[in-house]
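All chains are identified by letter, namely A, B, C and D, in their written order; residue positions are counted from 1 within each chain.
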């Protein structure tokens, strides 16, 4: 079966013009074959006597298939067939990609940082010099910047000689932008009113010490847990302090998700939420808090934790602050601030005695509640803290 | 690390635990005689985690009132040496 | 430029072209011109005025309106050992000779295993801006720059108009010279005493962005650069001079310094030379970029006849300035 | 080739003409077989039946004359003296091919012998021939340019532009139209309002003659006459050689456009049968002469096939070579 075109792979024998025993000369038409282009006469390039026909009319055979045999050509034909087997087409010349070798730029080679990485670093306030490039040839990629940002204050590697201060500033710059935006919106939109009350924290502290003394280190509680639970219970009990102010009206939330202000190492503050804080046991609340702080520190915050707080608690207990006037986190409508537990003079039964005194401040949205409501809410918080066992 | 740890090994192990709690500290620049809080952020949650890590590592129980003795490297090592069985040498 | 050059000859782009042709004719007897109305009429754009009287019918040959035939004849004459300079009146009519240019001029050397280099020069007017409407206003340099085997050059200055022809005639390969109609009447001093066909040129050093252009768009880019300098933005204006081969080295070196690229091309953007230059920058200078690669090209429309529409369609100084501002803008 | 008069020829000349035509026929038939064995790929247009034109016209040209042909140019190449080995190697695409393996069957180049290619664009070669003739005239050289094309080309604008330019500038061009009656699958009467091809030259004031393309002596005589006129500065000449191609347009062609009886009729009037019969009749040559020449041609073809088979492919690394010239022409 002759190949008549590079795209021809097979042909169908239509008719023989010869029969066994015929003498064939070079150039004689011996058969007709059907191809896509129509019927084409097949000439013989050899001379000789036909011994036998190998293919019947109507049969479709691949190119190079022997159609007939000459007398005495059997053996030779076999080898000839092999000889005429199509030579493997030479590999199409693969054009060598002529990647133009541009001259190397002069001066110290600039660090390879992808545009996306640059843009993201600017947005997050990440100092690119501190970011380790994981891409080819140390290229800094988007992922590198994100990982660096999530690692919060984490300097790339403890061994890194980079002085702590400047990278810290770099790290919190973007967070500063986020906080600045929220706080200024809060101040602009939310008419805050503030109430403050002092509390004898001694019974709660004593209860906590006894509780912790009876348990191994991992099962012990931090004071913050009591504060969060007290606020959560109060928020559940009294309406007007738990929910969002949006589209011009207050939208109360049945569930209490307590936002906990956590300082990010090296600067910055986030207030992710502990969901249904009013329903958790103290031990569960402690576990939730530990997990939250851990995730903030390693930058693996879950997005759900960020936006869902319905009220926020901010404790500056360790900073030696008497009391604070916190700013509400929009779109929430209240925030409770706790100062430090300090030894103060306290009057008991007409006598002045030393007591562990804790100052509690409420900041609330005057569009939603008034001072009286605030006072009642604050009183609930103090009542809960005075009875830690029931928390 | 089993009890009866050499002094240098104890120091290195404590520093590793400290770094796991507060990864951004520079252990080379750490001044052992000073409190941690004067050198980097180290809040009550960090103390809680540090105490829990020491408890898990050395199997020693640390009452809350002793937490104050964990707040600096030298203080912490002295506290641990007193609470651990006598070391068998450096 | 040094004071010494102050006294350099001052002439128009058209006169510079004519000087180049006259010098070529005088320097080599094998050089002759062929084209429509280049002789008795003096050239559609008067570039060849006076040459017939000076060099005679044998070397200044008016041709019938047979672009395919006389471009093919140019190829044949080049194969026959001559150095023809064929003038196709405008790039718009070169479409009638595309087969000869692409299938013969660009291909014969490679296809013949190196036996048939084609030392032919073809000059064409190009570009829009004179209200001659769609069929007479094409900028197709980018098409021809697509074809391996051709060399494409675009003289934009008086020096290049004067000296590029000589360099083209010395080249063993077919060279297409595109002379933008908008440049013919520009004037300036001739300072150079030669030209190469392989390198781009920095016409205005700068630092904030690389303004990459060629041919008729160069004056617009220089004017835009002056305005931008007034706003504290210092563009580096690059005159490509050659569109095939492109001077990659100079382009990337510039972008590595400025980190921003703005390409101004009178061709249409789709599949145009601006697209090729932009992708090469993305391939080779990706990590140097601080802003997306930008382009200012002709609107994707057939060039309209009325002036206000033509101006709106073509790249303009205002559009270039606007695009440059967009590139260097902070934040937002 | 001396410009001998067209009188009945000598034995020696007869053997020369017959040998030349047999070499072409043997080469073309072997190409057909090699194509069916996939040794030759792409398009293959064979010259069977038209051998008399190449042999007749090329015989009338001098070494300094330039030639531009079409994709059916094996006969012209052989008649011009391109050695069979490099020509066959070019069919294979080997680097030893006359075009370095780059062109294949349709693009045979041999600048040493002033053969400026097969050209695969119908009519594409005419302007180039005009240019080559312009160079001869411009440099006051005695050479001329011979341009071969099929009757299909007369429908292309380039045909009319080229004839006009040649006539206008009185250029030394010999236009040779090989009118084989079919432009691929379109018979002449179905594509041209006026089918008398040589009459078209009169529109440009060019001397023209029609000649029986099957009669090698007639073609040779006509060609010699035109070449002499052109050398005398009489301007371009036009020969319409009426012929017939005995094989398909190309290999993959069912020839639906013509019937077999017509092909057979022309086969009997083919150039080889025609010339051999008349030479034997006049006793100029013998059957033994014919057999000897045929055997010699066949052996030369087999040697060429072996040369091509043994040749190497061009290394891929050389792909970009010659896109631009490596030496000044």
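By our rule, a contact is a pair of C-beta atoms (placed from the backbone, for glycine too) under 8 Å apart; a residue touches a chain by one contact, two chains touch by 3 or more.
In this text, all values refer to a predicted model and were calculated from it rather than measured experimentally.
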**Chain pair showing more contacts of the two, C-D and A-D** = C-D
**Fill in**
By C-alpha centres, the chain nearest the middle of everything shown is C
**Message:** Centroid from C-alpha atoms only, then distance subunit C to subunit D, rounded to Å. What do you get?
**Reply:** 41
**Request:** Could you tell me the distance, in whole angstrom, between the mean C-alpha positions of subunit B and subunit C?
**Result:** 76
**Prompt:** Cα centroid separation between subunit B and subunit D, in whole Å?
**Reply:** 99
**Item:** Distance between chain centroids, defined by C-alpha means - subunit A, subunit D (Å)
**Value:** 72
**Complete:** Chain-chain contacts, ordered by label, are A-B, A-C, A-D, C-D
**Prompt:** Within the complex, which stretch of subunit D touches subunit C?
**Reply:** 66, 68, 97, 99-103, 107, 109-111, 116-117, 119-121, 124, 126-136, 138-139, 145, 157-158, 161-162, 164-165, 168-169, 321-329
**Request:** Mind listing the subunit C positions that touch subunit A in their complex?
**Result:** 248-249, 252-253, 256-257, 280, 283-290
**Prompt:** Hey, which residues of subunit A end up touching subunit B in the complex?
**Reply:** 153-155, 158, 164, 209, 212-213, 216-218, 220, 222-224, 263, 265-266, 289-290, 293, 297, 317-318
**Asked** What part of subunit B is in contact with subunit A in the complex they form?
**Response** 19, 22-27, 40-41, 43-45, 48-49, 51-52, 54-56, 61-64
**Request:** Name, in rising order, each residue of subunit A that touches subunit C in their complex.
**Result:** 99-100, 102-103, 105-106, 110, 112-115, 118, 139
